[in-house]
Amino acid sequence: MQRIGVFVCHCGSNIAATVDVKKVAEMALLEPGVVHAEDYQYMCSEAGQEKIIEAIREKNLTGVVVCSCSPRMHETTFRKAAEKAGLNPYMVEIANIREHCSWIHKDMEEATKKAVILTRAAIAKVNLNTPLKPGESRVTKRALVIGGGIAGIQTALDIADAGYEVDIVEREPSIGGRMSQLDKTFPTLDCSACILTPKMVEASAHEKINIYTYSEVEKVSGFVGDFTVDIRKKARYVDMDKCTGCGVCQEKCPSKKAPSEFNRGLNTRSAIYTPFAQAIPNVPVIDTDSCIKFKTGKCGVCSKVCQAGAIDYTQKDEIVSQKYGAIVVATGFDTIKLDNYDEYAYSQSKDVITSLELERIMNAAGPTKGHLERFSDGKAPKEMVFIQCVGSRCADDRGKPYCSKICCMYTAKHAMLIRDKYPDVNVTVFYIDVRTPGKNFDEFYRRAVEQYGVNYIKGQVGKVIPQPNGKLLVQGSDLLDNRQILKEADMVVLATAIEPNEGVRKIATMLTASIDTNNFLTEAHAKLRPVESPTAGIFLSGVCQGPKDIPETVAQAGAAAVKAIGLLAKDKLLTNPCTAQSDELLCNGCSTCANVCPYGAISYEDKEVNDHGIRETRRIAVVNSALCQGCGACTVTCPSGAMDLQGFSNRQILAEVDAICR
Amino acid sequence: MSIEAKEEFRPKIVAFCCNWCSYAGADLAGSSRLGYPADVKIIRVPCSCRVNPMFILRAFEKGADGVIMCGCHPGDCHYSTGNYYARRRMTLLFSMLDYIGVENGRTRVEWVSAAEGVKFSTTMNEFVEKIHSLGKNVRLGDLRCRN
Amino acid sequence: MQELIKRAKELLEDGTVARVLGWKAGDLPYNPEPAYFDSTESLADFVYNGFCGANLSKYLIEASKLEGKTLVCLKPCDTYSFNQLLKEHRIDRDKAYVIGVGCKGKLDIERIRKMGIKGIEQISGAEMEDAADTLTISTIYGERSCKFADAMLERCHVCKGKEHQVYDELIGESKETKDADRFAEVARIEAMTPEEKFAFFQKELSKCIRCNACRNVCPACSCRKCVFDSNKFDSAQKANVDSFEEKMFHIIRAFHVAGRCTDCGECSRVCPQGIPLHLFNRKFIKDIDEFYGEYQAGMDVNAQSPLTDFTFGDVEPGIVGERG
Amino acid sequence: MYKIAKENLTALFRLIAGAQELYLPVKTADQVNFGAWSEDAEVDLDTLKSVKSPKDAFFPQSENLYTCRKDGKKISIEPEALKEQNFVIFGMKACDVRGVEVLDKVFLADPVDTFYAARRDHGTIVSMACHEPEESCFCKVFGIDCAEPAADVATWMVADQLYWKPLTEKGEALTKIVESVLEAADNADEKSVEEEKAAIRGIVEKLPYSNLSLGGWNGEVLTEKFDSALWEELYKPCLACGTCTFVCPTCQCYDIKDYDTGHGVQRYRCWDSCMYSDFTMMAHGNNRTSQMQRFRQRFMHKLVYFPANNDGMYSCVGCGRCVEKCPAALNIVKVIKAFEKQGGEKA
Amino acid sequence: MSSEKKQAELIREISGVNPLKCMKCGKCSATCPAYNEMDIKPHQFVSYVANENIEALVQSKSLWKCLSCFACVERCPRDVQPGRLIDAARQVVVRQRGGNYLKADEIPELLDPELPQQLLVSAFRRYRR
């Protein structure tokens, strides 16, 4: 039996004006286990806390009930006071007789009666409380960043600068990501490579950063502070240590027909290649699908021309296993496939291109060396049409329901750049809305209209019809003029919706991080925890969480880094002790609980148990208390009642129910 | 039932409130002095998904006349998905209670956010009103628990 | 049946299986019991006929702990339970050799008794080989007969189909015996007034003697220790003074198996008081089908069970009142 | 002996119920069980066996022992009142009557169970001969004559007449109460009752279980039977439910439980079943840890332990309810036969 | 309820379209082959229904100029499907006039050789019994 002390707070007159506090204390004394009851002006004051401490010491209290304001207000205060007196803080329960009683009832008798019942419920609960101790888990002082685009690079740099080891895993042969494909960036028109490349170099040179390119995350186990990740380093067939990056192999490679991924398939590359000139690491990979040596066994030119002897056709994929304390997801985005938008003739005409393709065309290192030309006949266009919201803001399943956020701005940028470089080209933009919230964004867009004479027409395009003369007939409508427009264009640029990179769902599953129907990773709280996943120790950086532009991505990357640093800076993690626990003698091992756990905190072990003399090996649910957040979903879904939640146990809640219904 | 007897009926009502939204909503109702009958007693649970149907049945067994469960609005769960599970569980439980002949107004689920003190208070007023109209819970209560 | 025995002998002899789980002939014409056979000789007592209604899948929980494989005879409806147990990791697929046995409907001796047939000495027409549609029953009080369909278990009238959901091999032919709407009775009750509903269930449940046969036979009630046997919920196991306890017991039991119950009908088959317990489980199944889309437990081992799943647009609990 | 026409039975029941409580086979939701008589109760005297035995007239499934009331920190105890009202239980069969004799051995032996004793004192048993015994019956094996049931009053239903024969003082007293609706039986009646008895006995001879041999089952064979390897085989299909024990007219085990009513505690007892895993569970654990042991306990108790302690009286009466109701088609007959077969093989 | 409100309600019901889903992108008008014949353009049609300005709709030429080619239905990114609304509006008008279906032998007399094929097909689709 517990020895319980009940402390009734007057809260000045906040409680005492409508609740007869003396009566509450008096009635509490009649409850089983209660050995002490008193009332006081302000329990939360220094003097009030002192009373609690004193009573705990003098009367050897094993449990405390404070009848006061909401536990959301002062539970921590009273728990700390109890701890000072040597009592386990989790032996304290609050009866909320202010917000839930004195403040809402006018009749003294009625309010007092209710206060007595609320107190009774708290006493009934404390009778079943057990001392709880926060668990501890160690923190591996190393972070993993999945994705080597600007988001991943920035996060890695920030974490590394704080003094922690960081690994970046990048699927492609080089880091750099989408940003490395861009020509100029809005709203300042900086050259993308000029601002990105130094960051890439800095990351690769940073002593705390280790980059795995051409690698993928294979397996994740463990939990916050103590993840174990297997990384598959795909065979490059080029020795990273020996290669000098001279580029001769790429020059001499006889197989040059593979479409260049980096240039969005607008031109070709060799079978041994680096995606772009500033690639980091500047070590090529062999694409075995197009390599003649791999396909026929004959060739080996690269090996012959390599002075460093770096070519190694026998290389195998390698699995690296590494421990991490925190994981940042920065997997970025791609543009959607346009198969569902036949009306824009993307697959019918080479002159209908996506904006990302236009970036490559406009880039001096791109397939046309920066010249704006039609891919059908190489001629310079005179009439250009941009179509906005292709696949964005779409209610049916042809496209995406969200706004891709970046298109308005990059289209303004493209239009402006074209008008600047080729003043004789007419540029028309068909838009639904122009969205420019951001610093200097609207000014930028207005400049495109006012200074560069870009023709903005409100109204979506219905159809693009390739003409026999090689032109593209764009059929749109001008909603403001109320007329239908038929316009012959030389090139049409589609502001294609963006979507999270494919494969992110697989990664999310491995990390047990939640993901929404659009494949964006879900944040722990939409407003207050936007860079954390609900799964502890997993952080979100960049577009994997939602569409955003470069400055926002970099800001979020920094924020994610700070969150990760905050975690890595701790030596040990204290875990919430109000976690679920499985009774191994009752557990069926049925996996139902794991199905509803939002945190992936439940795993199964084959464990030898002694069930009243029967010894056998059983499949038993084991809760990782470092991951468990204590929601209790598992406790209800468990058919045998093996799962219970500490601090809110079945018996505790039932005792409260009983006390209230008495 | 005579008017006099009706006045004497003070229902016992148990409200399960999730810690993050509805309990806070109830606190807000309190600090905004938005009254509701004292018959409602709140039990704090971490999340609506912690509410086992057995708790609700137990409350009825022990003499409760109405049980209401409040949680974060769907989509706003502190634990991201808890209230979705709770919603399915309660839907099925309520349907079963209706099926065995328990008046369905005795149970209710309401999503109340931490900002919805007004909603909390109106909901409770409505619910108590409803229970008054239904009268004492005679179908599920255990005879032994009557005084 | 002979083919079944022959195959069982082969599998025992070649060491594929260590034992056979089937039915042993009883001492009355209608009471074969579930039994293990571990030698070819013992198979002499093996029987498979219309009275082999027992769903053997639950026995595999214990059989999975034994050395070697167990050959188990499963009727089409039993295979759903087998799958469900598999999904819940309660049995080991590698420890079972499933022979899907044909089924032409199973018989309910209680229904025969209810026809006033007593003093039964022999029943012919219950063998699986002949597709008899009449049972001839010789009794001390003379010869009687009845339609096979009239003597069938309730569950066979709403048969889920003759397809086995899982098996290693199939022996014997099956016949679909469905001739009634599975949810008709549930719908009939739903249409009652609260007073009628309450009276109906009160009458049925007042018969409950809390023998736990429904629970113990139920393949979904596979808990090592039932909540009604453990102190975790302070819920007493045995009959209480107030009839209330029975109501709660059956609701809670139905809730615990909701989304997991395959509607195998064993609970109603074994109830000594003839309480139509399936009406609880079927109510949940009907609701689940209506609210969350059709779901048959035990059909797909990988399907997410409706109570561990959700969609953002699920109906609100208020629908119960709105539906009227 | 007296008689009363079948169509006048309601008058008889009304008369008894006017003076005492009356329990008899009543059909509720398609099942026949003993229950209180009322004008609208559906009395069913044709169904041979009630699902549950009528033992709960004397030994209810649940009964309150005492109530603790809490008043602040004070606790007061109110013992449950003993049965004071006389009652009649009508329509018990010979086997069920023997069942009560078995219970008497347990509850009326020192120390006397006062709750049970009070019910026995106030109860009058009116038995009825089994018009058409069924294949699951084997009362003959235990020396019970279902054509001539014991009791305070024995009755026979022959065609549309109920014959009424008081056998004890209690029976005579009851007869006095209902005298007004009874007629005295004449010789022809006596003869038709005798014919009925002969017919019943003739049928009993034909029952499949009537020649079951109890040879080898007595109080002396404890070790031999206890250690038999057969149990290991026999228990296998058992589901560990309590059906057999709860329909049984002689199973007498109970458990004592507390119920928290919020304002106190009710201490009650309720039937327990040796098939349950927590049967005789004690603080240190359970002395029967496997289902085999629990299964063995039931039959050893009925056929060995009980006769050992009660001058050879078996605590099975051959009513056959377990034969009909076991979900796994197990029963005491199969156990007896299995041992017999094994004995035969040995010999 | 005013009659316009009722009619708007009816149009929403018949078409199963929620005009409030429209984001005013104008893709329907951009797509429409009969655009130039129309006084109320397809995208305006949607807002007319949303604003319950039904009288004007009923009077408009557009109602009978729509070919029911369903290009707008196909392309609409918001699932608003102006074509269905127009079809529904037509039905409302036709129902008001009464005789909302034709017997098979009445059809040839009503055929105008100038009538676009699509309209015929659409009519059959819509008014068959």
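A few notes on this one:
Letters A, B, C, D and E mark the chains in the order given here, with residues in each chain numbered from 1 onward.
Rule of thumb we're sticking to: a residue touches a chain if its C-beta (ideal position, glycine included) is under 8 Å from a C-beta of that chain, and two chains touch if they have at least 3 such contacts.
Not measured: the values here are computed from a predicted model.
Any chain that touches subunit A and also touches subunit D is listed here: B, C. Under the touch definition stated at the top, subunit A and subunit B share these contacting partners: C, D. Counting C-beta pairs in contact, the pair that comes out ahead of the other among A-C and B-D is A-C. Taking each chain's centre as the mean of its CA atoms, D is the chain most distant from subunit E.
Subunit B and subunit D have centres, each the mean of its CA atoms, that are 46 Å apart. Distance between chain centres (mean CA atoms), subunit C to subunit E: 56 Å.
For the pair subunit C and subunit D, the distance between C-alpha centroids works out to 30 Å. A straight line joining the Cα centres of subunit B and subunit C is 36 Å long. The set of subunit B residues touching two or more other chains comprises 53-54, 62-63, 81, 85, 89, 142, 144-145. Residue positions of subunit E in touch with at least two other chains are not found.
Shared interface positions of subunit A, i.e. residues touching 2 or more other chains, are given as 596, 637, 650, 654, 658, 661-662.
A list of each chain pair in contact follows: A-B, A-C, A-D, A-E, B-C, B-D, C-D.
Interface residues of subunit A facing subunit C in the complex, by the touch rule stated above, are 583, 585-592, 595-596, 604, 611, 616, 619, 637, 639-641, 644, 650-651, 654. The touching residues of subunit C, when paired with subunit B in their complex, are 186, 189-190, 192, 194-202, 227, 233, 235, 241-242, 244-245, 247-248, 251-252, 254-255, 258, 280, 283-284, 287-288, 291-292, 306-312, 314-321.
Interface of subunit A with subunit B (complex): residues 70-72, 96, 98-101, 103-107, 110-111, 113-114, 117-118, 121, 514, 522, 524, 534, 578, 596, 598, 629-633, 635-637, 645, 648, 650, 653-654, 656-658, 660-662. Across the complex, subunit B meets subunit D through its residues 62-63, 142, 144-145, 147.
Contact residues on subunit B toward subunit C in their complex (touch as defined above): 53-54, 57, 61, 74-75, 81, 84-85, 87-105, 107-109, 139-144.
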